[in-house]
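Once you've had a glance at the structure underneath, I'll fire off some questions.
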């Protein structure tokens, strides 16, 4: 399923494939033409992806074929052992996590998990956690803290679920508790926005010593649709809202909200998941190596200092 | 409402009262007779209460007019400020607690609260907590620990509630978590069984540096009725079970399960609540004074050592 | 105590906004429809004498109702918002900011300062819903963070009165980051065993509800305040059913276990003072009666502060 | 590996009980009614090859299925129960104890000892439901407490396999106190960052479920095990309604958030070993295949240990 703006690219890909078939079946030599077209394709791809609008990035971040947290976990880590439950109310499939090894080093990994098809999306509530999901994440954080294991989180959620039961069970409190838990962890914490970083539901698992983001991922305080609905009273103005919101990886980098933008392969992570995963793995290992030099209290101070600087304002000279 | 075995006493009290009225209305001098009868009453009370069977104690421990946790709190403490909720699921009225002052010293107090009438009993679920009640208690324990405030608990429950929802929300886990929380508190913890100490539901808030018990309170691993139902397949054999179970204050003292038995006024706490409360207050102040000499880790060690010794067995000489 | 004294540290270039005083008139309670004379309402801390309805409370009036007379010393107001995203929707963010400044005479939605309560040293942060719906931008996050740091360094308990629609859209993810920044600043308070008490007023929602407002050592709420993470319109659109009666109100969350107590505004002064005194194990302070209070205080909910025993 | 070796530290005066071996016969699965040859069932760790039904597992067989061959060294069995309450019901407690001793060849419901798993040092406590319903008396509490202390002093991870009807009535409140005593002993393990993993088997209820069994760093359960605080009969009498399908079973509690994973017994060896290795950040151990295992292992639930990436 190609996104709207990917259509010219996929169309051209189809044409080239057809031409190749024709060349074989008709025994007419099309080598030169095909080579030309492939160069054209390359250029088209480059043009499209180097001039993506913010709204197009939002679409990429949400693309159906984009790798999910469990895909990254399966490929970047070994020995993943999923653990379940919040020890209080329920098991929330919108957040997954457990023990795993990253190049042999034991870590705790937590991921916000969207479905890879409709059925799974329903089971995982489209990656939107209830309070028990955040409580489950907190339990895993406690485990990381207790055993001195680095914590790796993968952020990918439209946001915390805005439902009656979720509010009834204290969505606001659980997000706040999870944030607070992360401020106190005595272990290295590396968080990566791999797709959608939606508001408080994303931040609840994104208070890290490092916050990384994939090139086509987004991170914002509200969805473009909701922003548009509030401002223009029309969710269809989402494209306009996305532009105003400055929610792309490169935007966020400017404000130091993220520490590194992880390059995605040409055409986005969904076009070459292996490459995207390899890039993230390399980054995780680099940052982890840096952080493992810090002791427990230095890790907390480092994380606090990172967030202390965030915000833009000016001093009033009296 | 007198208990069955209190009947002769209350009957005699009625007679004496009638005689007094008669003396006044008939102008016949009954002073001497009344004095004699009052001595007789005194003796009867003494006899009855010095030879109480275990089953009678169970009945006393459960007596309707017996002071409840909130009664003790209102009389022993000042400035009680009740705090609510478990920050996860609900507010459980079967457990109450908050900040208070004991002779000026700020403390956290937690009580298991039975109703003082049928309506309140229904609201308070007869003092039987659900998981959220134990979680609420744990939150108050955290507060005690954080602010260095001594923790005083008042135990009075038939047990944790054996219902479907309670099990669904992890009754077993919450009791275990609460016990564990108490093992870790860095503050003085004094627990008093004021009525019924029912099984794990009682122990969940009774892991103290000191465990006190009122003279007519009981503390056991199962109710006499349930014990009888299991052994004799007949809950009516509860009297027999109560004898076998050795669940009275004096029994428990022998096995070091309790550290001090608090004397109740003649006729039991319900006959003179003020006196019972004063006795408990005196004991709390004494024990608190002793414990306040210990530092944080000494308090934990003291509590651990207290429980480490509990149990009766023999070494096998090989 | 004059208002000037209340705000003596306000930077000189800032003009005071409206006086916050109600006009000398009769008004009508929106809940019980009772006629009430505004002066009387004012003296009653804007709680309807008939039905207990809590009107919104201007920041200055609230401070006056809480702290020992004449002790408030403002520390906030030395920073101002910029427009880092160059955010333009139907109008530029800068224009919105300017309007809020004019309306409130402030630079942001947080007023913070030192004071005493019953003689106890405290730090207060009060959010002003009139400033851009109490939304949390960089300035608000920074004010709260600085207040927490100041409270720690001066060894003061911190009281935060929340009133907010949530994050400030126009500052994008920078707004979101304030949720974490403020939370970090609580750690120093905690390690010094200084109490942090939050008071949730109508409304406390979104990113404010889901960060510093939720994690007070004690969390109290005014009656019938709207509280929660998601807005009711969003929830309705998501679940496509009617919301239950009383949903997301203070009493609802007290029952659901998320609030320590719903407390009438007229009792906050006494209640908060005694809480702080106990949490810091200081002798019981006598709290002077509030002069502007006209009618006798009602018996407190869920516990009494009267000396007994 | 002989059973003698397994239990070489058993005090000499204790007679070994029944062999725990199933007779050389065909049996019938109580769940799916399939005919199964007992030898095959044994090789399959008493899991029905047809439907996966988990038969109860004798302690020795379980240990054999878990630890590196020949490494188990028993530490328990040096204390014995007395009758402090002089408890008599339909028969004296001492007679009940004697029967359990004869039946199991043990002094209590807990077998504990040192071993290695994939070469990692561990301590194991396995409860024996055959001894007085796995109930927890003073001896059981003391055995578990000593095991925890030993694990801490020898720097071993601790695995506890629970099977219990709850507290031991005949020891009254002394039994109840074991819940606290054992929990205290976990602190030293925790401070040394030694993992404590519990395995809940059918049944794990009452005081055992409500203390050490519930608070493992990781809590796993065998499929379809009955778990919970209150017994089903008591609950039924209280609520006077039918209990829902699957109520209080492992899968129920996994869904309710109280169990990390429901795991087939045939995977415990690999699963527990890898968990311990990761929690203690040791290199990945190779776990030797279990010799008695007859059929290929099923794909694990909820995660794979296969090396990938």
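Going by the order they are written in, the chains are A, B, C and D; count residues from 1 in each one.
By definition in this document, a contact is a pair of C-beta atoms (placed from the backbone, for glycine too) under 8 Å apart; a residue touches a chain by one contact, two chains touch by 3 or more.
Only a predicted model underlies this, so the values are computations on that prediction, with no experimental measurement involved.
Asker: Counting one step per pair of touching chains, how far is subunit D from subunit C at the shortest?
Answerer: 2
Asker: Measuring from the mean C-alpha position of subunit B to the mean C-alpha position of subunit C, what distance in angstrom results?
Answerer: Computed from C-alpha means, the inter-chain centre distance equals 41 Å.
Asker: Between subunit B and subunit D, what is the separation of their C-alpha centroids in Å?
Answerer: 35
Asker: Which subunit D residues reach two or more other chains?
Answerer: Answer for subunit D, listing residues that touch two or more other chains: 256-258.
Asker: At least two partner chains per residue is the criterion; list those residues in subunit A.
Answerer: Residues 87-89, 135, 169-170, 173, 177.
Asker: Among all the chains shown, which pairs meet the touch rule set out at the top?
Answerer: A-B, A-C, A-D, B-C, B-D
Asker: Over in the complex, which subunit D residues touch subunit A? Could you list them?
Answerer: Residues 190, 193, 195, 217-218, 254-261, 271, 274-275, 277-281, 283-284, 302-305, 307-309.
Asker: Mind listing the subunit B positions that touch subunit D in their complex?
Answerer: 160-164, 166-173, 175-177, 179-180, 182-184, 197, 199-200, 203, 207, 219-222, 226-227, 230-232, 240-241, 244-247, 251-252, 255, 257, 300, 303-304, 307-308, 310-316, 318
Asker: Which residues, counting only subunit A, touch subunit D once they are in their complex?
Answerer: Residues 74-92, 98-101, 104-106, 132, 135-136, 143, 146-149 of subunit A touch subunit D in their complex.
Asker: Mind listing the subunit A positions that touch subunit B in their complex?
Answerer: So the residues of subunit A in touch with subunit B come to 87-89, 131, 135, 169-170, 173, 177.
Asker: Would you tell me which residues of subunit D are touching subunit B in their complex?
Answerer: Touch list, subunit D to subunit B: 11-13, 77-82, 84-85, 87-90, 107, 138-139, 141-142, 145, 167-169, 171-181, 183-187, 205-207, 209-215, 227-231, 234-235, 238-239, 241, 243-244, 247-248, 253, 256-258.
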